[in-house]
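Consider the two complexes below, in which subunit A is the common component and subunit B and subunit C are the respective partners.
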Partner chain A sequence: MSPSMLLQLLVSGLASSFVLLLTSLGLVIILGYMKVVNLAHTEMLMSGAFICYYVYQAAGLPFIVALLTAFAVSFLFGALVERLIICHFYGKMSETLLATYAISILLKQGALLLLGKNYKKVDYPVKAVFQWGSVYLESYKLVVAGLSVGVLLLTLLLIYKTKTGRMIRAAMQNRSMTESLGINTKKVDTLTFAYGMGLAGLAGAVIAPLSTVTYTLGESWLTNTFMNVVMGGVSSLFGTLASSVLIQESVSVISGLSNSVTAQIIVLLVVIVVVRLKPDGLFTAKERR
Partner chain B sequence: MKTFKQLALTLVALATALSMGACAAGSSSTAAGSTAATAGSTAAASDPASGSASGEQTTAAGSAAADGDSIKIGLVFSLTGATAISEQCMYNSAVLAIDEINAAGGIDGRQIDYIVKDYATDADTAVKVVKDLILQDQVSAIVGLYTSASRVAVEPVLEEYKVPLVYPTFYEGESPNPYVVYTGAVPNQQGDYFIPYLMDNVSKNFYLIGTDTTYAATINEQAKTKLAELGGNLVGEELVSSDTTDFSDVIAKIRNQTGDEGCVIYANLNGDSGTAFYTQFHAAGLADNYTIASFIMDESFSTALGEAAVGTYACVNYFNSIDTTANKTYLENYAARFGEDQAKAVTAVGESTYDAVNLLAQALQKSGSDLSADTILANFDNLTFDAPQGTITVDPETHHIYCKARIGLVQADGSIKVVYETDDVIKPEPTK
Partner chain C sequence: MPRLKKVRQLPLNRWIDLALFLFLLSFPTWQNTYWVYIMSGIMAYMIFALSLDLLWGYTGLMSMGHSVLFGSGGYMIGIASAWANQADWIKFDQLPWFLALLSSPLGAFLAALLLPGLIALFIGLFMFSGKIRGVFFSLITLALAGIAELFVINQSRYTHGDSGITVTSRTLFSNADSQRLTDQQFYFVVLAFLLGSYLLCLWLVNTRTGKVLQGIRENESRLTYLGYKPAAFKLFIFVLSGMMAGLAGMLFVRVQGSINHSSIGINLATLVLVWVAVGGRGNLTGALIGTLLLQFSETKLNSVFSGISADFAQYWKLVLGLLLLLIVFVIPRGLIGVLLDYQQSRQDRDRKAAIMQKEVNRHGANP
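Coming up: the complex of A and B.
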């Protein structure tokens, strides 16, 4: 492999890792802070992509409006679902799993029946391709990277620097103690779940231009996002960042040496080994037990 | 905390397994040269059977005629499930053909009653609904199925209860079954003409990309043989998994390995990963130097993908731009019934379903009152039909059709223009 190709693969891999990071953030927040395996996550991505199609492509509003709408609608949907369904199942792993799986089916089949069975295309909001020597990068990938980092920073600020964030962390560490301090943990739960779902919707809107939007869009993201979250550690946002980069760079470089199927097999094997040796993931937030 | 993590991991593993399973099902389904490519796509409102849960039935009687005076056939399509995008057009075309036949007086005065079953892109469901059609509804024949996995799964049922199936999808052309009549093209009516055309008109350099399925692997092997035979140049070969959403590594390799010379990107990818590839390939600015050629390209893709599809090549026996009277009538009636937009996305599998119903009607007519499988099947021999794609004939030996091979180029408006067609219809050569 020539050095220029290696460089190109590393750049492409890095760009892809920000896509993976963004699509995983909502999942890791709900899993890490609420102990809920949100199987509806990838269908929320699909819904966000549809919102992007209708707001940006069909209605012709600015892309940023589509992103914000996707976030807002998904946030509200998340809040509603949490109040109506999820809040009854905290601490019951298999029940939350079934409940979120059911929601995912509702979303997917709902999209199929209501929004039709054809491919919907969302144009790239920016189309230029940058070139440095022999290395190319689509400008939209840069936008996604920026957005991804921005969302990560905002989330960190929210969790570590605001009162709400303190409440979320407190509720995660010791629920009854938090409640006895006069904090309404139910409200905190709703907010956390809704935020996680909102991020999923936002991410869905961001990935919409990369392919076509159909009711099957969620399926293709299931493996990657869950694998990423497990590898990174379910309660660490930095872990998700690190594992996104690790996974995508490895896939990219190994793919350059052989092909992308082999690359995925190898990376999956590595994830299995990592999970065996470090069941909490590569990076685990230090917490009191 | 620890137990939770272990549980979580188990579940995640489960989710992974689930998604893999789904992919596997999806990909084996692609055996039909098509992969999830087509889309007649009707909005739910105009779709008589949408809303029916998987496996549920919708009866739409051919009306007027009394019960004893009608012929019952079963329609089996995925109205939900991973390939519903492709199968909607097939279902629409089947209903259209039946209504036309009934409106013209039916089969010697007998109306066609049809019962619709949704197999939701699942081979086990297909077996179940086909059994239901045969045992409960007592149908005389069945039209439908898209995925090769489902077709292979129902073959034992057809043999056991002796009911014929008319299978309207182009497919890999291997191990045909005596109870099945095939109205789609097989590889010797498609790929054999594609590579030579591309070598003459685009470039002698080929980069092969396929999903990790038997179908794509077979097609790429055939391509390699053909290239070696004709002196083409194999620049690179790439396998991707069927749920691939990110092609940046593949694109980097194409750019690096093909250099400045022109190159044909021979891509046979599944539905969603196919659209992702076209989109990202175009966004990366590669479309200027290299040309994609693919079996998956059809009108459902080309009308949706916009400029990402323009200038790419397709190869199948029917494009809806074909200029025949039969095609004009077919598309006009389709548009009147399902909408102008839907008619633009009519694809080869839709057309072959329309042919399937019409050929079946002829066979039923010849069979008269004897509707046993053997009689119906025997009466398919040498049937001809003025199909939208041109006249097709059923080969008595294999029960496949004689048809022309065509190569199409995607135009700026999303239509696919025929740039090459064989002078004569080609004899089908499925491999035993």
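Coming up: the complex of A and C.
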């Protein structure tokens, strides 16, 4: 492989890392703060992409409106799902997995039956392509990277600097104590879950121009997002950032050498080994016991 | 008569099992060839469901990609058969070293058991350490199912890619087209394997090992304090369950006459979870009944609705999603679980009444 090709692979790998970061954030937050594995996450991505298609591509509204709509709709859907379904199953692993799995089936089949099997294409909101020497990069990928880092920072701000974030962290650490301080932890749960789902919808809208929008879009993200969560762990969002970069860079480079499926298999094997060595994720936050 | 009493106290579900096997035994005598063929497929799926029940219901390890083990077993037979009959898509003159076992019929049979076992062994060796959350096992297996489907489509040199492999030889060992059992004959082959697998499971869960497995499900750390090594038991049951799933895959391919990527991917992994969840996990009967009920109704409804809507399969998946949600909400222990709970509560009541009666007899009418 020539050095310029390797550089190209590394650059596009880095760009995809930020996409993966954005698509996994919601999942990590829901798992980290609520101990719930949200299997409906990737189908929420798919729904977000469809919202983006209908608001931006079909209705012709500005892209930012599509992003906000996707976030808002998924946020409300998340709140509804938490209130109606998830809140009954806290602490029961099999049940939450089955319930969120059921929701994901409903979302996917609903999309298929309501919106059809046709592929839908969403145009890039910014079309310029940057070029340095032989390395190309679509400007939209830069926008996505910026958005992704922005969302990560905003989330960190929300969790560590606001009152709501303090309540979320308190509810995670000691539920009954938090309740006895007069905080409505049920509301906090709903908010956290809705925020995670909202991020999934937002991420779906962001990735819509990068992929064809169809009902199988969720499934195509499933492997990568879940591997990312397993590898990055949930104790620190920086672990997610690091594992996003690691996974996508390796997938990108190995894809260049052979093909993308082999790349994914190798990365999955590596993830399985890494989890054994570092079961709490790449960056383990020091926990007070 | 103590022995009779023991029979009467047999859990309700064992009677259901007995009735089920009698039903399956008599099935070909009063049904036509088409339904015998359908039922053979369902029975192969039942073995698959049993293997998941051992893992999920008894040990508490929820494999969300069990189809990988089923499909890898099936694909071994598929490739062996395509090779033996030199299917027109085969472009290689010699089996590569990693498929060398498939050249002989017995080797293919072994490979269909060994490959799933090896996959399970590899995942298990790394995933079953005390520090890794149980839920990561579910996520990794789910990711594996997603990748496996892409893999078999991608490796079209050996798997015929998207179109899958046609397997016309319906015998246990031979892969040659000419040797073929009838639907009826093969039905009994599958039934024998189902009965064997069921008895193996039944025996296993009542041994000491089986009790340890259930201990892992209930409280893994307490088991560690008692000196057991849960990781070794988990590895054992995962490999065994994987080989059983491989057996099911092998039989299914022979019945169905074909295998494609949907038998190894998330689709089937979802289906088997729903069967076991609906029937009820952790009692073997639930896995059998859940599979029978759902697969039978799918086939039946398909024949009714396929004339009305071409999208029946998609609506059916929607129904399965709703059903899963409903089960989790209303009867999380599944259909058979509810029956068992009912029997338990009645037995408890009877026992309580008997004790009360004894007390009354001893102390007179007014204590």
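Keep in mind that, in the parts below, the second predicted complex is superposed on the first by the 284 of 289 C-alpha atoms of A that agree within 3 Å, B and C clash if a C-alpha of one lies under 4 Å from a C-alpha of the other, contacts with A are read in each partner's own complex, and residues count from 1 in each chain.
Just so we're on the same page, a residue touches a chain if its C-beta (ideal position, glycine included) is under 8 Å from a C-beta of that chain, and two chains touch if they have at least 3 such contacts.
Quick caveat, the model's predicted, so the values are computed rather than measured.
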Clash or fit (per the criteria above) of subunit B with subunit C on subunit A: clash
Which of subunit B and subunit C A:I85 touches, first, second, both or neither: second
Touched partner set for A:Y136, first subunit B, second subunit C, both or neither: first
Which of subunit B and subunit C A:E95 touches, first, second, both or neither: second
Per-residue contact with subunit A, leading partner among subunit C and subunit B: B
Subunit B versus subunit C as contact partner of A:T216, first or second or both or neither: first
Subunit B versus subunit C as contact partner of A:G32, first or second or both or neither: neither
Subunit B versus subunit C as contact partner of A:L106, first or second or both or neither: second
Which of subunit B and subunit C A:K127 touches, first, second, both or neither: first
Touched partner set for A:V229, first subunit B, second subunit C, both or neither: both
Contacts of A:G198 with subunit B and subunit C, given as first, second, both or neither: neither
Residues of subunit A contacting subunit B in one complex and subunit C in the other: 37, 39, 93, 97, 109, 112-113, 219, 222-223, 226-227, 229-230, 259, 261, 264, 275, 279-280
Subunit A partner contacts - residues on subunit C that touch it in the complex: 56, 60, 62, 64, 122-123, 126-127, 129, 131-136, 138-140, 142-144, 146-147, 150-151, 154, 266, 270, 273, 277, 311, 314-315, 317-318, 320-322, 324-325, 327-329, 332
Subunit A - residues contacting subunit B, complex: 2, 4-5, 8-9, 12-13, 15-16, 19, 31, 35, 37, 39, 93, 97, 109, 112-114, 116-121, 123-124, 127, 129, 134, 136, 138, 140-141, 207, 209-212, 214, 216-217, 219-224, 226-227, 229-230, 234, 248, 251-252, 255-256, 259-261, 263-264, 275, 279-280, 289
Parts of subunit A lying in touch with subunit C, wherever the complex brings them together: 37, 39, 85, 88-89, 93-95, 97-99, 101-103, 105-106, 109-110, 112-113, 219, 222-223, 226-227, 229-230, 259, 261-262, 264-265, 268, 271-273, 275-276, 279-280
Subunit B - residues contacting subunit A, complex: 1-2, 4-9, 11-12, 15-16, 18-20, 22-23, 39, 41-44, 50-51, 80, 82, 84-85, 88, 212, 237-241, 243-246, 248-253, 255-256, 271-273, 275-276, 279-280, 283-285, 300-301, 304-306, 308, 345
